[in-house]
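Given below, in the form of C-alpha cells, are the structures.
Two complexes, one shared chain (chain A), two partners (chain B, chain C).
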Partner chain A sequence: MSETVTVDIGEYKYGFAFPDRSVFKTRKGLDEEIVRTISQMKNEPEWMLQYRLRGLEAFRRKPMPNWGADLSDIHFDEIYYYAKPTEDRKERWEELPEEIRATYDRIGIPEAERKFLAGVGAQYDSEIVYHNIRADLEQKGVIFCAPEDAVRDYPELVRKYFGTVIPFNDNKFASLNTAVWSGGSFIYVPPGVRVEIPLQAYFRINLESFGQFERTLIIADEGSFVHYIEGCTAPIYSRNSLHSAVVEILALKGARVRYTTIQNWSNNVYNLVTKRAVAYEEAAVEWVDGNIGSKRTMKYPAVYLMGPKAHGEVLSIAFAGKGQEQDTGGKIVHTASDTSSIITSKSISKDGGIASYRGLIKVYPNLTGIKSHVVCDALLLDPQSKTNTYPYIEIESEDVSMEHEARVSRISEEQLFYLRSRGLSESEASLMIVNGFLDPLVKQLPLEYAVELNRLIELEMEGSVG
Partner chain B sequence: MERVRIEAREVFDKLPWPERSWESWRRTPLEKFQPEQRFRQFSTPHFNREEFLKTSPVLESGKPREGWALEVHRASNSWVCYRSEETQTIELYDWFSDFPKAATRVIEKRIQRLPDRMQGWNLAYPTHGLILKVPDHQRISAPLLIQLEEEETISLPHLLILLGKDSEAQVVVRFDARKAPGIFFNGGITYQAEENGQGTLVVDRLLPSEGGFFLSFEGYLKRDASLGSVEVHVGGQVSKSNWKVELEEEGAKGDLKGAYVATQSTHIDMELIQSHQSKHAQSNSLYKGVVASGGKSVFQGLIVVGEGATKTDAYLANRNLLLGSGARADSIPRLVIGNDDVRCTHGSTTGKLNEMQLFYLRSRGIPFQEARRILIEGFFEEVISSIPRVYQEDVLNRIAESLV
Partner chain C sequence: MLLQIENLHARIETKDILKGVNLSIQSGEIHALMGPNGSGKSTLANVLMGHPSYTVTAGRVLFEGKDILEEDPEKRAALGMFLAFQYPVEVPGVTVGKFLKRSVENLRGAEGSLNVNKFIEELRALMDTMGMDRSFINRYLNEGFSGGEKKRMEILQMLLFRPKLAILDETDSGLDIDALRVVAQGVNRLRGDRFSSLIITHYQRILDYIQPDKVHIMMDGRIVLSGGAELVRELEARGYDWIREEVRV
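Then we have the complex of A and B:
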C-alpha cells in the first residue's frame, strides 16, 4: 500500500475578486491620524474615539506573541486598515452594487436567508453593507445591527458592556482591533426571548493587503436564547491580508448562546481572533468553531463560567492543508461551583499542514462540583503533515472531576484495504474515513448549522477526489 | 576529565540563565532558586570550592546490606563502596580522579545539548560525581544503591550510568540533604544503555524543610535498549526536575514513571520529555501525584516524534489526586508529532479521593486516617511496583508520614 493518501481538498471556490471600488480607503499603515479618521467616518462619540486611542497605545506597547504560529510575515505598515465599500447600508439585496451582490450570490447568502435564517448581516471589507432582521423578532425587542449603529442608537447598552469581556489591552491583536474596529454585529436579546432560528453574519475581504477588524458584541439577557453563525471568505492574492476580530459574549442568568464559525478564508489571510464569553448563573455558552481556510489561524474561544451551574462548551474542527497552520483550541475558566465544561477538538493535517490544539482548563480555589472533559483527536493524512497538542490544565479545587485525553492517528492501511476490497477507489475510501473521523462531532450539531458546516466540508473534500 | 570540564565551561558561557518568561520555567518560583545570585556566591574566591576537589578514588569496604548487590555511599567528601561477589566487574570511578574514555563521549553529547545555564552549571562546575559502568553481558539481579549525603549549602553532583551491551541492572539513587538546611542542590544524571541494555533507575530525594532541589536527567537509549525509571518527589520546599529520554535507535523502549506528594508550602515541578528519534521505538509514561492543602504541583509532559520516527508507539499519562482545598495541580501533557505513522495518545485526570471507597472502608471500622492511607497507597501502587522491592517500603512510609 502506498504511503500517500489522496484526499484532496481541491480548489478554493471563493478565490474570485472584483476590482477595488471602495468609496473611501485610508492610506497604508497605522497611526493616530488613521484611527481618528475611522472614528470620524463613523461619526462616533468622543468616548469611543478615546477608547480607540487607548487601544492604539496598547497595541504599540504589547509584544507579539512568542508562541504559537509563525507570524513573522505580518507587516503592519503594509496593510490598509479601513476601506468603505458603499455609501450606506442596505436592507434589500437588490439595492447593493452589482459586484457585491454577485459576490454574495456566489457564496449563497441570499438563498440561505430565505431558507433558514432569522437575520443576516453582510460585511464587505470594513463595513456592513447589508442588514436585515425578521420583523417579528424586531417586535419582540431583539436588536441585531451593525455595532456602529448600536453605538449611535443604544449608547447605554454599548457603554455598559463594550470592552468588558475583552479589555482594550488584552493582547496585541485585541488592542489593534480596539483601535481600528469597523463592522461586525451587535446583538441584544431581551429577557425570556428565544430566537429559534439562527442569525448570520457573513464576512468578506475583497481587497489586497487589507485588514478586517470586525467587532461583535452579543448580550443575551436572562433566560434568553440565540444562535449566531458567521462565515468568512476572501480572494486569493499574493500579498497577505489580516483578519483580527474581537467577539464578546455575555450570557446573563439562565441564558444560552451558541456561536458558530465557519472560517474559510483564502490561504493568504492571517486569522488572529480573540473570542471570549462570560456565562453567569445557569447560563450556557457553546462555541462551534470550524477552521478550514486561512494561512495561519490563532484562535482559542473562551468561556468564563462566572455563576453556579453555568456550562461552557467548545467544539473545534480544524483542517490544515498545504502551507496552512491552524493553531486553535478552547479555554474554559471555572470561577463558580457546580459548573461544567466540554472541549472537543478534531483536526486533520494534510500536504505538510500543521494543526495544533492549544487549550486551557482552569479551576479557581474553593469550588465544589466541577466537571470538565477534554478530548483532542488528530488525523494525519500523509507523512509530511504535523500535529501538536498543548493542553494546559490548572486545578486549584479538590472537588473536581477533570479528564483530558488526546489521540493522534492516521488512515489505517487495514481500513483502506477493507474499503478498497469492497470496490471503492482509494480516494473515495479516504474520504469516507475522513468523514467517519468527523462524524461523532458533526452528529452533535443541530440541523440548522450542520447544513452549513456539512456543505462546506463536503464541498471542500468533494471537488478534489477522483 | 579536564577536557570535559573545559568544554562544558565554553558551552556554559554561551548559554542564558533560565527566565520566568520561558515556557518551562513559567510556573516555577525561580526566586526560590535564584541561580544567578547563587552562582556569583559560588564563584567568589571566598567560597572554598577547591575543598570539593580533594577527592580520592572510590574506597572498597566489605559487603552490602541484605537485598542489595552493591552500595556506594558518599559522605564527608569521599565515596565508599560495599559490593557482593556478582558485582566485582562493575566499574566505579570518581568524577575527578579517573574519567574513562567511554564516559567522555557520552558526557560530550550531553554538553552539546545543554539548554541553559542552570543545567550547564552542573557540568561546568560539578562539586562531586560518580561514574558507574556495567560491562557488556553483565546481568545483575539485585539492585544497586548510590546514596549521596549532601552536607554543603551548594551542591552540584553529577552521576553517569553506563550500561553495556546485553547488560541488565537496577539502580536506586538517593540524594539525602536533610543535614543541609537551605541547600541549593543542582544535580545531573546521564544514562546511556548500549544495544539491548536493560536498566531500571529510581531517583529519590530527602530534603530539609528549606532549600531548592533541581535535577536534570538525560537518558540515551540505543537499539533495543530500555529504561524503566521512577522519580520520587516527597516533600521539600521547592523542587524542579527535567527528565528527558532520547530513544535514539530502533526498538528502544522507555517506561517512565513518577510519584510525588506536595503538602503545605511544597512546590513540585516536573518536566518530562519522551523524544522519539528512530523507528519502532516505544515509550510509556505514568506520573501520579497527591497534592494536599497549600501544596502545588506542576507536570509538563511532552511526546516529540521526529520526522523519521515512524511506527512510534507513545503514551503519556498524568493523574492528580487533590486532598483538601487550597491545593493546586497544573497538568500540561503535550504532543508534537512530525510524521503520520504513529500511535500517540495522552491522558490527564485530576480528581479527589473516591468517597464511595472511603465510606466502604470506614463502614468496616477502619478509621478515616487509615482508610485514606490505604486508598493513597492503592493510588500509587502502579508506580511503586516498578521500584525494586527492597526500597518500596522506604518510599511508602515517607509518603504516609508526609500526609499525616
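Then we have the complex of A and C:
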C-alpha cells in the first residue's frame, strides 16, 4: 500500500480513568509479607495461604520465558499487586460507588446483563465489586460467585479442583498468579444442567502500574453445559500494568464448556495469561479467544482431551496494531483414543504490529482414531507489520489424521482498487476486506459479541488509511 | 462531450505505456477499442478509472467537461464511470449482497439509504435477466467463481449501478457464446441517450452482438486509426499488419 498508516490512540474508547479511591492497597513490589497480607484480607484458610507461598517461591525460582513476546520492560518491583476498591461486594449496581458504577455503565455491562446475560461478575482492580446470578439458575444448583466466596462456602469443591489443571509451578506467571490471586470467577454446573444464557465476568483495571491477577475455576459436571464470557479494559497510562490470570476448566463426562474472551486492554497492559481445560469422556471444550488490545499478549488456551470422544476447539482472533505484540494460539493434548480437535487462528497486523501464532498438537502413544485440524491465517495490512507462525506437532501414535494449513495474505492494491472503483472509500474498502477475512470466525460468536468485535475492529481501522 | 481524452501519457514504474492517446465519446455512443496485445488498451481502462499503480505524465481526461485525473477512483465512480474488470479480484468473506448494497449506497448518494427489500427485489430481477442463480447473493465476492460467472457479475454491477460510461475491459475474452450473448444483452439494455460505453476487445465476436458507433485501433500506446463499424470487418479480414504498414508503428 502506498499511504502511510497511522493510528490515533484516542480511538480507544475505554481509556478513561478515575482517581485512586482504594479502601486498601499494598505497597509497590512483591514479597512474602504482601502475600500474607492479601491472604489475611480475604480471611483465608491456612491451606490456601500455604499454597500461595509455594506459588511465590516458584515465581522467584522460575526464569522469565526466553521465547515469545518481548517482556524486558516488565519491572516487578514497580507494580502494585493488590488494591481493594470497596469494602464489600454488591448485588445491585445502584449500591456501587458512583465512579465505579459510571465505569461499568460506560462499558455497557448493566445493559448487557439486562439484555442477554444470566449472571455477571464485575471486577475492579483486585476485587469483584458486583456479582449477580439469575434466581432460576441458583435454584437449579448452579454456583457462580467470586472465588474467595467459593473458598469460604464450597471448600470441598475448591480443594478438590483448585490448581489441579494448572499447578502452582506451571510457569512463572501462573506461579505469580497463585501467590497473589484475587478475584475472578468460580462456577459449578450440576450434572445435566444446561445454562443456555451466557454468564459473564468483566475485568477492569483502574489504577496505574497495577497488577490484576484474577483466578477462574469452572467445573461443568457430567452432561452439563455452560457458556462463560469475559471482557476486559483499562485506562491508558504511560506506565505499564500487568494482567496475569489463571483459568482452569474441568468438563466432566459429556459436559460442554464454551469460554469466550474479548480482550481489549489498553496498550500499556502486559497480558500474560494461562488458560487450560481438561475434557473427559465425550466432553467438549471450546475457547473463543479474541485479542484486540494490550501491549504484549502471551496466551495459548489449552485443552487436554482425557477420555474417549472428547473434543477440543480453539478459535483465536488477534489484532496487532502499533506497538502491539499478540503472541497467541492454542494447545491441544490428545491423551485418549477417538478424540478430535480444531484450532483456527486468524490474525491481523497493522502499523508495525506483530501477530504470532504459536500452537501445539500433541498425541500420546498407542492411541487410535485421532483427528486434528489446524488452520492459521494471517492478514498483513502494510509492509511494516509482521506475522509469525510456530506450529509444534508431537505425534506418538500411528492412527492420526492431522491437517495443518497456514496462509499469509496482504490487503492487495487490486482488491482496494476494485472496491474503490465501486464507490467505496479507501478506509471502507480496507475495513470490508478485514471484516471479510474475519467473517468465518466472527460468525461463530454470539450475536452481541460479533457486533462488539466488529465494532472494535472498526475502531482500530478508523482513520487508519488514507 | 461525455469523455474527452487529450494527449494522455501514462507509465507504470518506469515504463511508458500510453504515449499520447486522443479519444472522445459523446453521450449515447458505443465505441470499440481494438488492438493487439500489449498495445495499452487495459492500461487506458485502468488509468481512466484511477488505478494507483499508473502515473499520468501528460495530458488531460475530461468527464462531462471536468478534469478527473486528480480524483480518487471512488469519486470517478460516483461521477458515473464504471470499469468492468478483465480479471475481477476475489474478496473472501464479503458476500455479493453486502458488497453490492454498500456500493449502491455510495454511488446513489443521498437516495442511497436503501430499502433492503426493494434492493433485493431489484437485484434478483437483474440476476434473472443475467441468467445468474440467486444464491450468488450469499456467496463471497468472486471467490470460486468460474471465468464466465465473474464476467456476468461485472455486467450485473453495470446494470445495477447504471453508469454514464461503462468501460468493458476484455469482458468478452474467455466467454462461451451464451455468456457472450448475455453480456452483450446487458450493454444493449442500457443503450440510450444517457449511456455510453468503451468496449475494449481483441476480437470482433462481441461486436456481432453490439453494434459500435465508432471503432478505434490502438497500437504502441496511441490510437492509430478510427472509423465506423466497417473497420471491424476489415480487421477481421486483414489482421493488424496492414495498419502497422500504413501508420508505420
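Here is the rule we use: the second predicted complex is superposed on the first by the 437 of 466 C-alpha atoms of A that agree within 3 Å, B and C clash if a C-alpha of one lies under 4 Å from a C-alpha of the other, contacts with A are read in each partner's own complex, and residues count from 1 in each chain.
One rule holds for everything that comes next: contacts are C-beta pairs under 8 Å (C-beta built on N, C-alpha and C of every residue); 3 or more make two chains touch, one makes a residue touch a chain.
This one's a predicted model, so the numbers in the text were calculated from it and none came from an experiment.
After superposition on the shared chain, which partner residues are touched by A:87: those of chain B (first), chain C (second), both, or neither?
In the superposed model, A:87 contacts neither chain B nor chain C.
Answer with first, second, both or neither: which of chain B and chain C does A:386 touch in the superposed model?
first
Per the overlay, which chain contacts more chain A residues, chain B or chain C?
B
For A:410, is the partner it touches chain B (first), chain C (second), both, or none of the two (neither)?
A:410 sits against chain B, while chain C stays out of touch.
With both complexes overlaid on chain A, does A:196 touch chain B (first), chain C (second), both or neither?
A:196: touches no partner chain.
Report for A:32: first if it touches chain B alone, second if chain C alone, otherwise both or neither.
In the superposed model, A:32 contacts neither chain B nor chain C.
Looking at the overlay, what does A:425 touch: chain B (first), chain C (second), both, or neither?
In the superposition, A:425 touches chain C alone.
Does the superposition put A:378 against chain B (first), chain C (second), both, or neither?
first
What part of chain A is shared between its chain B contacts and its chain C contacts?
No residue sits in both footprints.
In their complex, what parts of chain B are in touch with chain A?
Checking each residue of chain B against chain A gives 21, 23, 307, 310, 320, 322-352.
Using the touch definition from the top, list the residues of chain A that touch chain B in their complex.
Answer in residue numbers: 66-67, 365-366, 378, 380-383, 385-410.
Give the list of chain A residues in touch with chain C in this complex.
My answer: residues 2, 412-415, 417-426, 428, 432-433, 435-440.
Please give the residue numbers of chain C that touch chain A in the complex, ascending.
Of all residues in chain C, those touching chain A are 49-53, 72-74, 76-78, 82-83, 85, 88-89, 91-94, 98-99, 102-103, 106-107, 140, 157, 161.
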